[in-house]
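Pasting the structures in now, so scroll down.
In the two complexes that follow, subunit A is the common piece, with subunit B as its partner first and subunit C second.
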Partner chain A sequence: MSYVTIDQVTKGYNHQVVLENISLTLKKGEFATLLGQSGCGKSTLLRSIAGLEDVNEGSIFIDGKDITHLSPRNREVGMVFQSYALFPNMTVFENIAYGLKMKKAKDIKSRVTRMIELVDLIGKEQSYPHQLSGGQQQRVALSRALVMEPKVLLLDEPLSALDAKIRKNLQKELKRIQKELDITTIFVTHDQEEAMTMSDRIFVMNKGKIVQSGSPTEIYTSPVNTFVAKFIGNYNVLSIDVFRKLVQSTEIDGNEVAIRPEVLQLVAAGENHLDLQANWDIKGTIKDVSMTGNVLRYEVETEESAFLVDDLHHQGKMLEQGAQVHILVPKKECIMLAN
Partner chain B sequence: MVNVRTMKPIPPLLANIEEREVLRKIKKQKLYLLALLLPFILFIIGFEIGPLVAMLKDSFYADDGIQVTIQQYLTIFKSKFYLQAIQNSLVISLFSAVTSVIIAVIAAYSFTKFSQKIQNRLLMIANMTSNFEGIPLSFSYIILLGNNGLFTLLFSKLGLDIFAGFNLYSWTGLILVYIYFQIPLAIMLIYPSYQGIKKQWKEASSLLNGTALSFWIHIGIPVLLPSIAGTFSILFANAMGAYATAYALVGSNYNLLSLQIASLVSSDVSLRPQLGSAMGVLLAATMIGAMWFNERMMRRIRRDLR
Partner chain C sequence: MKSSLAFHKVIVGLLVIYLIIPLVGTFLFSMAGKWDHTILPESYTVKWYIELFQDERFYRALQHTLFLIVVTVGLSVVIMLPTIFIITVYFGKWEKWLQAASMLPYGIPPIVGAVGLIKVYSDGPIQIAGTPWILVGAYFITILPFMYQGIRNSLRTVNAIQLVDAAELLGATKFQAFRTVVFPNIISGILVSTLLSVALLFSEFAFANLLVGGRFETIQIYLADKLNKSGHLTSAIVITYYSIILLLTGTVLKLTFRKENAPSLLKG
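And then the complex of A and B:
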């Protein structure tokens, strides 16, 4: 039974379509990510679920209730903004207690205290937002949303303003809290790595549409089109004609071929033990080598096209720029794209 | 006991020499900067601090200008007439400042709801009208709403009795004119602080069960408060010191502190500059008192600014 249902939602501003016929369903407790470049409509979709934007057509249901035209305060959703949006005149405690106070809830103090423990902010209750670091502010924003026990938690690029190390920590912690409370979460990001590590399900968006949805593994290993292939994993995407010429074979169908850079293997010219049963062999020259730490990234030029090849960084196994090489392309790793 | 004078200075290390060189350069630069500030400092001393000190000093002399005394202050505090002037000034200043701040808070907020183009025009009007005060303003009011004013006559000819009970040359009239010249200034001062209110605070509040009203009570107004309080101080001082507008409108018919000071230092009948100075000191003291009170209140309410 689906917990969140978005049914054919469409939205436009001044003759420009921002969301086009968006439909999706989520199970209770699922961690879903809307992934896409800026301007693809992912934040607008999130804000429509929150009620901060109206939709032109379609409906949104949470827990079986139609919330399409409810005001934000009646939707029982919590949201964390990219800029935290903490109230500057209130302490951490007051910020977290604000929603409960508005709701005239009971035992505010104990509920807020429990939240403060959950996000590990003990001792900071009486601090003001400007006295906290970015990461701490984000925790306050998170607990301010969670203390209301919302049915759905919406996160609008909550980690993108933080530096890499704090971000990694908060990713883990966010995931822990989400599991612990078993709260249905919709996360918006433009960072595919973040989406991969955190989500149960990813919805890749482009130009106001959902172009693919699935588990992180599905999205990464079987992209449905060129956009997803290029956006999600630096795929090498070649037109079918070029690829046929390179491998001198006509037994391949489709429009384009997508190959992940890490499945390709480079063998120096002159070595002869090539497995040509399972691989295609393409000859090329190394044009550039760059090192991203644990990964060596080669740019290999062939007759028809250039390939990106990723290899793990082993000591002393680096191939030189200008070297003649064979690129071994595993046949079963080639993904044929229809469009 | 060690005699400091006989102690030999410690020989400087090589690194210290370089350090000193740098310090000397910085000092030299600072001197140049100070030299550039000199005209400004002289101006402040000559036209701000100088007169203030002179006023303070004069206030402690008797009418003959020779004997040092606190008699002038005693005269003020013993005279019902002068106490009433102070009271009138305080009341009209408080009343006009509070009213103008309330109107300006609402007006400036409504400004922000227009497009940028219209906002700029509205600000231009506010800017222009905030400079419209003193004798020209009083004169305009006299032409329009005085006993033989345009609107007064027009409405009475039309048989509408709106201004029958209204007298421009009274407390009501004075208040009206004060509020008129305070509002545009208040708008100009409060308007920028609305830019500091983030849209996402409103959104966050609405997602946390807050209504528009609760947003303004708990977040909007407290965030605006320092600027409201600051504006109030300026308006209060502005009204306390206003002279020309009041003089042109009511002359000496109405007992105000600024009018009394003027009559003591530049009257045709009797000049008592020392008494005038004492009243000037009291005027300054009330303004400083108002600012201090403001500051204290704000610190109590906005604890995050400490």
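And then the complex of A and C:
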């Protein structure tokens, strides 16, 4: 039984289509991510669910109720904005209590206190937002939304303004809180790594459409087209003609071939025992090596095309720029793309 | 590091001197008895102030000016605040029209404006030429650019659109969102615009003289009248109204920024 249903939602501004026939369903408690580059429509979709944007066509249901034309305050959704949008004139406590006050709820104090404990902000109740760090502000924004016990939590790139370390911590914490409260969450991001670590399900968007949906593993290991392959994991994408020439084989079909950089193996020229049963062998020259810490990234030039090859960073195993190498391409790791 | 700080101090010092000398000069002149060929006055007196404070016309002029200012600025805040808020938050594409309209006063010299206003309002359905109400109207337009810029900039600084979005998602109505979230955060911006407008209107002469003149004497018209009689007395008038503005501004600022932790645009 689906908890959130988006049914053929379409939206455009002045003849420009922003969302094209978007349909998706989510189960209760699911953590879903809308992933895409800026301008792909992911934020607009999120704002449409919140009621901050009107849709031209289609409907949105939450818990069986059609909310397409309800005002934001009646939708029972919570949202966290990229820039937090905390109320600068109110303390942390007042910020979190705001929604409850508007609803004239009872036991405001105990509910806010519980929330402050949950997000680990004890001692900061009387601080104003400008006295908090970015990470703390984000926690306030999160608890302000959660205290209302919304049916769906919407997160619009909530971590992108934070530095890497705090970001990693908050990712974990967000996931912990989401699990603890079992709250259906829709998360928007342009960072594929963030999407991978956090989501139960990812919806990859491009130009106002959902191009692929699935679990992080599905999306990563079986991209359906070139866009997803390139966006999600630095795939090497080659046209079928180029690939056939390189491997001198015609036993492959499709339109394009996608190969992840980390499945490729580099062997220095001159080594003999290559497993040519399971691999194809392509000869090349190392054009560039870069080191991202734990990973060495090689750019290898071949007759027809350049390849990215990722290798774990082992002491003393680094190949030099200009070295002649074999690229071993595991046959079963080659993904044929139809378009 | 130290020498560059000293350099900054010198520049700021020079600027302060440049701004303050005319005031000090005016003040000294208003207190001077005999002052012909010395740097500082040869003798001091408060007789110009006594003369001024005993003049009933001065009080009436001051009263007129304050009345005009309170009515105009009050009206402007009441009308422009919701207008600018609604346009900025809900009708963004109309903003350029509002901006253009609010800049118009810069394009029309007061003389031209005044002649036009007299023509329009001396007959027809609204005959208010020669009354203070035509001044209220003209002043409303005069301070429009300040009010518009000030309020719009405050709205942008606090990111009013997003604050309203956030408040609405938390269950507030549009009006509640404005009252509880937007207004408290832009009050200092409104105040700055208001004070600018008050200062501007205090020293407005052209419209007052052309549209109403002696029939509703404002402080500037009184000043111009006295200018022909005694320079000392006019200096005393100028110092007095500067003091009034200073007192007014100081009080308002103090009242607003009393709370130590309250965020404000001035504190940044």
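Everything that follows uses one rule, which is that the second predicted complex is superposed on the first by the 339 of 339 C-alpha atoms of A that agree within 3 Å, B and C clash if a C-alpha of one lies under 4 Å from a C-alpha of the other, contacts with A are read in each partner's own complex, and residues count from 1 in each chain.
By definition in this document, a contact is a pair of C-beta atoms (placed from the backbone, for glycine too) under 8 Å apart; a residue touches a chain by one contact, two chains touch by 3 or more.
Values in this document were obtained by computation on a predicted structure and should not be read as measured data.
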For the three-chain model obtained by superposing on subunit A, do subunit B and subunit C clash or fit? clash
Would you check which partner chain A:61 touches, where first means subunit B only, second means subunit C only, and both and neither mean what they say? neither
Return first, second, both or neither, reflecting whether A:85 touches subunit B, subunit C, both chains, or no partner chain. both
Which one of 23-31, 59-67 or 77-85 is the stretch of subunit B that crashes into subunit C? 23-31
Hey, what residues of subunit A end up touching subunit B and subunit C alike? 50-52, 71-73, 75, 77-79, 81, 83, 85, 87-89, 98-99, 102-103, 128, 130, 144-145, 148
Once bound in the complex, which stretches of subunit C touch subunit A? 158-159, 162-163, 165-173, 176, 180-181, 184-185, 261-263
Parts of subunit B lying in touch with subunit A, wherever the complex brings them together: 198, 200-201, 203-211, 214, 218-219, 222-223, 302-304
Help me check something: in the complex, which residues belonging to subunit A touch subunit C? 50-52, 71-73, 75, 77-79, 81, 83, 85, 87-89, 98-99, 102-103, 128, 130, 144-145, 148
Show me the residue ranges of subunit A that touch subunit B in the complex, using the header's touch definition. 50-52, 71-73, 75, 77-79, 81, 83, 85, 87-91, 98-99, 102-103, 128-130, 144-145, 148
